[in-house]
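Listed next: structures, encoded as C-alpha cells.
Next come two complexes built around chain A: one with chain B, the other with chain C.
Right after this comes the complex of A and B.
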C-alpha cells in the first residue's frame, strides 16, 4: 500500500486506469499511436516490400535525418516561438560546409559546420528574443536571406566529397540498425532530459507558457529564447552533416520541406503550438508516423504532389483533433 | 417604508456609522416633491456572477441640475452610471426616465434622450472629427454619405461647445483635451436631455478642466441634466448642486453640496469603520528601523514625474492614491520594468551599494516582486505549484544545469507549509487553486531567495478574507526578519494596517507622506484627490 495517495479529508481520489491517465495527459499521442499501428498493419498486409530489410533501413535512416530537426524543433515550439523556418538553409549550409572542408578532416569540417549554423541562432535570438519579434516572421526572414546568400555563394553547384567517419555514420549498420538511427536514439534521450529535467528546460517551459510572467519570476527570457534557437541550429547541423555523410554530396536545395515535416512530427506528437507544453517522446512518435506515412504513400504509388496534400491534411486534422480532445478533457 | 430619496429614513445601520448625520440635519433636506425628476432609480441591484456591484441603490436626479456620484475605487459608480444609461439592465429595481421605465440597450437609451461619455475615449483616431461625431447617425443623400451635411453638423456642435476645431482634422492628431471635447460633441449629436460623464477630466490639465466645467455649466443652463463622476472633489463642488455617495456598492447618502464641507464628503466616502482597530495596530508599531535599503532619487518614467523615496530595513512603506495615480507605474519604474528617463535607484545592505538598472539586476540584487495582475504576470497558471515555486531559485536548485528533483520537492513542500497553501499538493496545477492560494504561490516562491526588498502591488486583490489575513501575517514576518517592504494598495484598511509610513500619490508624484501615527483614511483620500486652495476659500465662504 506504499503508493496509496492520501486524499483530503473525506475524499478519495477516483481510480484512473494508467492508459486513461496517459490519454488525458496527451490524447493526441495515444491517437497517433493507434493510427501508426493501423498504418503498419495495413502496410504489412497490403503493401509488398514495406517490411523488406532495405525499405526498413531507408525508413530508419530517413527518420533519423528528420528526427534531429524535429527534436530540436520541439524546443522551439515549446518556447512559444512556433517554428524555426531557418532550419532549411542551415541544413544545407552544414552539409555544404562539411563536404567542402572534408579534405581538412572531420575535426575541422564538423565544428565549422556547427559554428556556421549557430550564426543563424544569434540573428534569430536577437530578432525574436531581444527585439521581441514574432518567431515565424524573424525566422522566415533569416531563412530567405540565408538561402539567398547560400545560392549566391554556391551558384547552385553540387559539392562532392566525404570523410570516412561521416560516411560510416550515414551508411553503416550495427546489428541491422543504421548507425545514424542509433545516434538519433541517444540524442532523443539527451533531448528528453534537457527539456524535462534541466534548469534550461524549466526556464524554457515557463517562458513558453507565459513570457511576461516568466520574466517577473526573474528568468532571463531573452537568453532562454536565444539558447532555444541554438538548440534548433544544433539539430539542423546534425541533420545536414548526417545527410552529407549518407550521400557524399551537398547542394543548397537538398533540405526543402524539412521545416514543415519537422513541425508536422512535433505537432502530431502532441506538443502544443501555444507553447509551454510538449514531449520529446511524442516527437519521436510523430517522426515515426510521418516517415511511415511517407513510405506507405510512395510504395502505394501515390504521386509526390498527393503526398504533399496528405501531409498538410494530416497536420490540420491533428491540430483540430488536439483542440477537440483537450477541450473535452477540460485541459485547455 | 423604503426611502427613495435622501436619508430621511435611514436604516438602523447607518445611524451607528454616521453619527454626524444627526448633528447636521440640514444635510438630509428634502427637495420639493413637485420638482420633476430627469432620472429616478428605485432599489437597483446589479451583480456580475457572485460579485455585487450595486445593492439596493435608489437615486433621483432633478431635471436641469448637475448631480455628482462619488465614492472610492470599486464603490460602484461606473456600474450605476451604466445602469442609469441603460447599458446594463439591473437585476432588481427599475429606472425611470422622465417617468417612463427605461428598457435596456443603447438604442432605447438614445431614444430616451440619454448620452454617456465613457471613462475611456471611444473615438476612432484615423477618422476625422466630423466622421467621429456622426458615427452611427451619418447623414445621407441619394444613398451616399452627405459629407457637406456631416461637416456642418460637426461645426455646429463644436460652436455650441465653444471650441474651435476643424471638422476635417483627424481625431488622432488632436491633443487629449480636444479629443475629450469631440467625445462630448459626439454625445450631444442627438440632442440628449441627460448627459452622463464618467471621469471626463482624468486626462486634462487644470486649465482644460476649467474650460470643460464652464462648458458643462452652460449646457446645464440650456436645460440639460448632467450626471458627473469624478475623483476630483474641487470639480464636484464647483459644478454640482447635489452628490450621491456610494461605498462598496451601497448607497451611503445624498448630500446637498452647498451645505457640505470637503471633510464631511471624504468621511462619507471612506466611512469610519475599524478606526479603533487601526489605532490599536498603529500603537504597536515602532519607528526604529534599520539602514536605508532602497533609495530612489528624482525618478522620471512614463506616468512618474520626479519621485524620490527611501525605505529602511524592516519598514513597510505603503503607497496610496487613486487608481491611475501612478502607484503601479512608480513601483514598476523602480524595479526597472518600465524605461526610465532620469533618476537613480540604489539598493544598499551589508555595506554594498548596487544600482538597479534593469529588472534582472533588481532580482539579482535581492528584490522580490508580486505584481498587480496575478493571472497574467504573478503566476504561471498552466504550470504546477512546484514549477512555479522553483522559478526564482532555479540556479540554486541545479547542479551542472540539472535540477535536483529531491531538493526541489523538499523546497516546494517546505514553502507550501510556510505559506499555508491549501491544498498542500505541490503537483497541482496553479490554475485550479483559489485566488488567495495563487497569491500565496506568487509570494512564497521568493522566500528562498532571501529578498532584502519585497515589493507587493495589490497583494490581496480578489483574495478572500482568510487568505488576506494570512498574507498580511506573511508580510509582518518578513519585516521582523529585516526585509524592507513596499505595499501598493487601493484597500485603505489594508494600507493602514500594514504600513509604517504611507506615501500618497496623485498624477504621478508623491503629494504627501503620513507616519503611522498621523495616517487615517481621510488623510489618504484628501492627499489623493484634487481639491485645492481655491475650493477651500469657496468653502470658507459657504460657512
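Right after this comes the complex of A and C.
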C-alpha cells in the first residue's frame, strides 16, 4: 500500500508517469481492465442478446450474489489464509435457514441464518486461528463436514418459500438497476472502509504481512483471524439470503463453485495471495470480469462440459500472469 | 536423549498416530462390522485408491507443498485410459504419461511461475475436473476391453487381487526412493531447511518439479486402477479420495509445513481412514455421515499438532496424540522412515 515513494536524501526520485505507477501498484487490475473491455466489445459485436436489458439485469444480479462472497473473500486473502472454502455450505445454509424460517418473518429468519453461518467462523477460527492449522485444509475440512451436516439434515430436499422483503431485494429494480446490486455497491464501500480505515483492517493487514511479527508486536492474531472468518460468514450469509430471495427456493447444492469463483475475482482484482495487501475496488472489477466471462461463455453456446475447463484454465492463467507481473514489478 | 525407552521410541516414530488410529479402527470394526475384516481383500480393493493417492502426496508434502488436484488427476487419467483407445496396452501407458504431464504443469507453475501450490493445484483441480468432463462428455465411459479388466478382479494369493499387489509394489518403490535413494532423501532436506539445502548444492527447483511429477504419476496410477476395478471411467472420480488421502498422509505423520512425511505412515493412515469409511458405508449410514466423519478427521489431523494443542493450553490431555514436534524436521532428514 505504498502510494508515495520517499526519495533518499540528496537524490530526486525518478519521474514515473501516472499510468505506469498505477500499473506497478496493481499490474493485474490494469491488464484485467483491458481484457474486460475486449470481452465487452467482443460481446457487443459477436453475441446477440448480450446487451439486452434482460441479460444486463441478470449480469448485475449475479455479480451482486458473487460480489458479497468475493468482498468477504478479499479479507480472507489479505489475512494470509488464502481461501475460505467453507463459504459453499454457508451460502446454502443461509438460504435454507432463511427459507425454512420465512413463515416466522424476516426478523427471525435473517438473524438465524447469519448466526448459523457464524458457527462456521468459530470453528474455522479455532482451527486456523487459535490452533494455527493451514487455512486451506481447515476450511476444506469444515466445508466437507458442513456439507455433510447440511445434506444429513435436509436429505437433499429443496425448500420453497419467501418473504416480501427478501423477494423485493432479490427481484426488484430501481431505475433499471437491480436492488441487490445497489446493496452490493453500498456494501463494497463499507468493505473498503473496513479494510483500509479501521483498526480491524489495520491488524488484518499486519497479520497478513507477517503473522509472527504481528503477534510479537502485541496484536491478537487469533481474534483478528476469527473476525476475518466472521466477515467471510457474513458475506456468505448475504449471498445465500439474496439468492433465496431471488429464487424463492433453496437446496444444499445451490452454491457449488462460489468458493473458487470468488477467489478468482479477488485474485483477478490484484489482491496478493501472499496476504497483507488488497484492493476492494480491484475485487469489484474482478467480479465484473468473472461474471461477464461466464455470461459470454454461456451465450456463445459453449457446451457445459467445456465451460468448467475454460473457466479453470482462465483462472490458472490469471494467477500465473499475476505472479509473473508482480515479480517483474519488484513486488512480492 | 538418555531415556530411550520403547515408549519414547514409539512416540518419536513419525507414523505412530496412524498406528494408534488403525488399532482403534480394527477394534471397532471387529466389534461392529466383523465382515469388513473377514473379506479383507474386497475391503482393501475399495481403499486402494486412497492408499495410492496418500503415498503420492508424500514427496510433495515433505517439501511443504501440496497437490490438491490429485483427485481430478485421477479422473483425467481414468478418462484417458477408458476413452482414448480400446487397447489397454496403449491406453494405460498413455494415462500414466498424462499424469506425468499434469505433474510437470503443476511443478512448473509452482516453481517457475511462483504461485503458491495450494492455489495452483486448487486451480488445476477445477481445470482438470472440467477436462475429465469434456473428455468423457459428462458421463461414465465403460472400458471397451472389459474381459481384460474383469481378470483384474480375480484374487491371486488368498484374497489379494492384482490392484493390492500394484499398491504394495508402488509403496515399496516409493519407500525405497524416499528413504534409500539420494534424490529422495534430498527432498527431506529441502523440506526441513530449503536455504541449507540450496547452499549444500541441491537444485531445489528440479527436485520440486520431480516431486510433483511423481505425485501426479502415482495419482494417475490410482485413476487407472480405479478404472480397471470399476470397468469404467467416471468423470467425477476422486473428490472424496483427495480429502481422505490428505487426512491419511497427515495422520501418518506428514507436516503441512514440510520436512516430515512418511510413506509407511501414509499407508497405515489410508488403511485406517478407509476402514472408517467402509465401516460407515456397511452400517447403512447415509453418505452425508461419511462426509461429516471425513471432515472431522481431516480437521483433527490438521490442528492436533504440538503447536496447536499448546495454543489450547490443555497440554497434558491431548499431548500424546500430537506426534513428534516440528523441531524434529532437520533430524528427520537423516532418519526418515
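Basically, the second predicted complex is superposed on the first by the 322 of 332 C-alpha atoms of A that agree within 3 Å, B and C clash if a C-alpha of one lies under 4 Å from a C-alpha of the other, contacts with A are read in each partner's own complex, and residues count from 1 in each chain.
Here, contacts are C-beta pairs under 8 Å (C-beta built on N, C-alpha and C of every residue); 3 or more make two chains touch, one makes a residue touch a chain.
Please read all numbers here as calculations on a predicted model, not as lab measurements.
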Looking at A:217, would you say it contacts chain B, chain C, both, or neither? Reply first, second, both or neither. first
Quick one: chain B or chain C, who's touching more of chain A? C
Touching A:187 in the superposition: chain B (first), chain C (second), both, neither? neither
Answer with first, second, both or neither: which of chain B and chain C does A:209 touch in the superposed model? first
Using the superposition on chain A described above, determine whether A:311 touches chain B (first), chain C (second), both, or neither. second
Taking the superposition on A as described, I'd like to know which of chain B and chain C A:273 touches: first, second, both or neither. second
According to the stated criteria, A:200 is in contact with first (chain B), second (chain C), both, or neither; which is it? first
Classify the contacts of A:136 with the two partner chains as first (chain B alone), second (chain C alone), both, or neither. second
Across the two complexes, find the residues of chain A that touch chain B and also touch chain C. none
For chain A, which residues count as touching chain B in their complex? 8, 193, 197-203, 205-206, 209-210, 212-220, 276-277
Listed in rising order, chain B residues that touch chain A in their complex are 337, 359-360, 363, 369, 371, 376-383, 387-388, 390-392, 394-395, 397-398, 401-403, 405, 423, 445, 449
Spell out the residues on chain A that touch chain C in their complex, using ranges where they run on. 82-83, 123, 126-127, 130-134, 136-138, 140-152, 222, 260, 263, 267, 273-274, 304-313, 315-316, 319-320, 323-324, 327
Complex contacts: residues of chain C adjacent to chain A: 66, 68, 109, 113-116, 118-120, 122-131, 133-134, 137-138, 243, 246, 256, 286-296, 298-299, 302-305, 307-309, 311-312
